[in-house]
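Written out below as structure tokens is the structure these notes cover.
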Amino acid sequence: MAQLGLIGLGKMGFNMRERLRAAGHEVIGYDRNPDLTDSTSLEDMVSKLDGPRIVWIMVPAGEPTRQTVAELGNLLSEGDLVIDGGNSKYTDDKINGDLLAAKKIGYLDCGVSGGVWGKDNGYGLMVGGAASDVEKAMPIFDALRPEGPREEGFSHAGAVGSGHYAKMIHNGIEYGMMQAFAEGFELLEAAKVVENVPAVIKGWQRGTVVRSWLLDLLVRALDEDPELDDLEGYVEDSGEGRWTLEEAINNAVPAPVISAALFARFASRQEDSAAMRAVAALRNQFGGHSVKKAGS
Amino acid sequence: MAQLGLIGLGKMGFNMRERLRAAGHEVIGYDRNPDLTDSTSLEDMVSKLDGPRIVWIMVPAGEPTRQTVAELGNLLSEGDLVIDGGNSKYTDDKINGDLLAAKKIGYLDCGVSGGVWGKDNGYGLMVGGAASDVEKAMPIFDALRPEGPREEGFSHAGAVGSGHYAKMIHNGIEYGMMQAFAEGFELLEAAKVVENVPAVIKGWQRGTVVRSWLLDLLVRALDEDPELDDLEGYVEDSGEGRWTLEEAINNAVPAPVISAALFARFASRQEDSAAMRAVAALRNQFGGHSVKKAGS
Amino acid sequence: MAQLGLIGLGKMGFNMRERLRAAGHEVIGYDRNPDLTDSTSLEDMVSKLDGPRIVWIMVPAGEPTRQTVAELGNLLSEGDLVIDGGNSKYTDDKINGDLLAAKKIGYLDCGVSGGVWGKDNGYGLMVGGAASDVEKAMPIFDALRPEGPREEGFSHAGAVGSGHYAKMIHNGIEYGMMQAFAEGFELLEAAKVVENVPAVIKGWQRGTVVRSWLLDLLVRALDEDPELDDLEGYVEDSGEGRWTLEEAINNAVPAPVISAALFARFASRQEDSAAMRAVAALRNQFGGHSVKKAGS
Amino acid sequence: MAQLGLIGLGKMGFNMRERLRAAGHEVIGYDRNPDLTDSTSLEDMVSKLDGPRIVWIMVPAGEPTRQTVAELGNLLSEGDLVIDGGNSKYTDDKINGDLLAAKKIGYLDCGVSGGVWGKDNGYGLMVGGAASDVEKAMPIFDALRPEGPREEGFSHAGAVGSGHYAKMIHNGIEYGMMQAFAEGFELLEAAKVVENVPAVIKGWQRGTVVRSWLLDLLVRALDEDPELDDLEGYVEDSGEGRWTLEEAINNAVPAPVISAALFARFASRQEDSAAMRAVAALRNQFGGHSVKKAGS
């Protein structure tokens, strides 16, 4: 059985510790929250690990992850291995990997998909880095990934950064798929030709072309709230969709669906649209079309 | 000087009567509103015209226009000419034209652009029908169109229906242009890099690639209300944008800009979006992402 | 066991006959192709069925289906039932249903999803019409739908027309999902950060948010042709995507993803784009930007 | 009369020198091309200017401009002023301005619109930087901008960077407007309801809502080539459109029209689309739909 240091025991990290322990691995967790942590500090966590050590980082992307990598660079030893399992931008991985490589510490980036369901179903994993490092961490990956053939829930995507790149594109696709279901749902609701919208969507779960996990989740949501009117049409975005669109720009690749899905989220968060005020103003100017006065 | 019967003396028809009379033409108007009309009924109006008569229809598109054409078919005589200057769908023109042709009454469809400014600036005209009928009505068209070379403010687009077709496409383009300006305005407002947004937009009126009448109108609107916050971002659509998109579908022509402009108007009128409730619900299902509860 | 007349034994109808017979039902097929048919004519087929009869139509949508319904109206008797399982536009169903109702013949419209895989996996079914007619045909539906809970592969969507409506929206969603995967695939190919694109996509099949039947099919396609370069990026569309967009227009529902997916198909079939020639011409006009001359 | 050093005498810089000299200003140009230059080196150019000097940079954006600014920092003196009139990204301006500010040399960024027509019509100018620096250079700006009220062809947008920011957004709008006209043109061409497409477009120049300089240029292009079939639908993009979309992402502003216009250009340059190969492959997988084999 393997041994792992795991930094960050939030919603994702906590569940991963559970799944790893259930598979028989030893996990020494570290979190600032004393109710969650298995160690008092990063130093303490590192000291409890036998070498060569493997440390998994599961903290917020950006500064927190880069800071943690830098600290680990000072605490770990040649031959140890760091895995960033958070949602880092793939360009951060080069920086993190180079910093550790200078100290002969290995680095892997691992995109993780599956959300809160991963604890029981396993997580889809996309890994970037050296094959020898991937090999070292394979018992961990095998415990985290879903059951079934390894290659259906795990991939070694390429060099450092490619794991998070694959996850970023995965999320871009996810945005597009969600918006496709969402437009279909709204059309069914609006047209009122179909009398039982939740029944139709539930009936798509087997045999159809659109059957998918997202569809299963939509069915689940409709079971709880048949018109989804307990919540607002207000949707956050968490970075990967934006980065995917940046990649489309950088590579001159048309991405009309992914961008439309991202823009729909932006628009969902606006109380009022400056753009549409401009269109209303223009119509009023040329046509004398009536406008809605603010506050009316 | 020509003589014209003019049915419908609303915002557009009223102004057109003014412009025609200012050019020296005789106009016998008919409107249900006794304060506006020059005649007591369609029959009365027709009786006041010398043959061969020319009658211009300026009533709402659809049923009102089709009904008016049918009534004129009973009142007019062989050799008379009807012109539909409203915003009819081009497919209506075939029906209207055939109905009148069976009685040897001529028919022209005329797309009219220019809004409330047309009275003073002249109207852009796009006409469909027989060349001989176009010739008969040319004094009217010449009075309505802007000054300058005829071919820069008037076109004979082709057979019956082609005038309204040209106007429909004109409006589709107009939707796209307005949305382009609107997105630019919102970006300038949101980024706050430019300190004086109205001054920048005013400064685009000469020398730039985007100089245009719509830009002049945006400058005018910003002069009155520099952040356009006296009105709401709520925008109606009047049919031509939808028809343009239908034509894109029917002809398998990609129309991403025109459709985006139309959809932005649809979205501007929604209090809340069922589609985005579905996306929020899905994110909540797989990630435990927090959602905004309705009414919170 | 039930008995069914089945008109149209093409790719879909042939497979359905197989699946129905494998389930123990008696199927009298009719097709113009003598190698496929079980009967010599519609009359012959009808004569071989015991009353009350059930006849399933599986011929091309539009005129062929409407024509077949009309012929069946003359051949069937009060109390018989016709099911249109083709890809008819939902507005046709009202016409077909009314025609048969006048003769006291029942009518159901049934959207069928699943493609060539349906023979073995079962077909996703969405049915519109009277509950009593749905009940009569349930043994047939149960044989055609996938195994598992009925409500996960079958739905009674509402009145006549609602089955095809549900299928139309299903296909609109399908367009959006396919385009989402397609954009992600192109981004992975173009950026070359991921070294093994097919392995990454295969690794998405378990545990991830995008896991779906379409993903499984993409994996299958990549197994056969890892860069998909044995075929051209030329994609037909079969009607439902266009109709979905028409519904978006008619109901004032924004559908940016579904329209983008449809337009991408339109564009894929163009040798050259008149729109982009216009943009090239404009750039050349204002900036002296070089253009590609045709034929160069 | 003012005196100006002008670096870069390509298509734009050459014309600007002409316009400035025609207005009576003294211009010492520098260009690597000995046929164009007025000086043998930057040093030579600087030595020929009386202090306090004004130097206008008109070289390609990015490294060439940053390099030129750095060299000028070594050659100029406290109180001199540098103006970047190229198409620099606005983020470069902060770097350039800070570098010069450390030496007490002023810096303005100036977005310039108008293309090859600017020489005769004047250029639309958008300037960022200190008001005192703008004042110093006003005689130059007044010579370059179009005749008419200054505020209709010139704006002081705000601090350093805001001039290029305003120009970037201007170009994003320009992309959207061009694509709107392009879609309209393609629809007119495809539908064939309008018989004389160039005549209709020419007739939009007066009185209509879409009248604009871009429309005038489209008319000019159609006069030369009525179906625009002398060139290919292949369109470059020059950076500002991409940057505008990045700003939309960074500011969470929906930009469906500008992104659609940019993506249409990307697509116009693709021989074949990997995305559409993926869609074709998927359709083939689930439906047995025929595909076009590559090379067929």
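Details
Chains: A, B, C and D, in written order; residue numbering restarts at 1 for each.
One rule holds for everything that comes next: a contact is a pair of C-beta atoms (placed from the backbone, for glycine too) under 8 Å apart; a residue touches a chain by one contact, two chains touch by 3 or more.
A quick map from chain label to UniProt name: A, B, C, D = 6-phosphogluconate dehydrogenase (Decarboxylating).
Nothing here was measured: the structure is a model prediction, and the numbers come from that model.
Looking at subunit C and subunit D, the chains that touch each of them are A, B.
Remark: among chain pairs A-C and B-C, A-C carries the greater number of C-beta contacts.
The most distant chain from subunit C is D, comparing centres defined as mean Cα coordinates.
Centre-to-centre separation between subunit A and subunit C, using Cα means, comes to 33 Å.
Taking each chain's centre as the average of its CA atoms, subunit B and subunit C sit 38 Å apart. Shown for subunit C are the residues that touch two or more other chains, namely 114-115, 179, 181, 183, 186, 190, 209, 213-214, 248, 252-256, 260, 263-264, 267, 273, 275, 286. The touching residues of subunit B, counted against subunit C in their complex, run 209, 237, 242, 245-246, 248-249, 252-256, 259-260, 262-264, 266-267, 269, 273, 275, 286.
Per the touch definition, subunit C reaches subunit D in the complex via residues 11, 114-117, 178-179, 181-183, 185-186, 189-190, 213-214, 217-218, 220-221, 225, 228-236, 256, 264-265, 267-268, 272-289, 291-294, 296. Subunit C makes touch with subunit A in their complex at residues 90, 113-115, 118, 121-126, 145-148, 151-159, 161-162, 165-166, 169-177, 179-181, 183-184, 186-188, 190-191, 193-196, 199-200, 202-215, 244, 247-248, 250-258, 260-261, 263-264.
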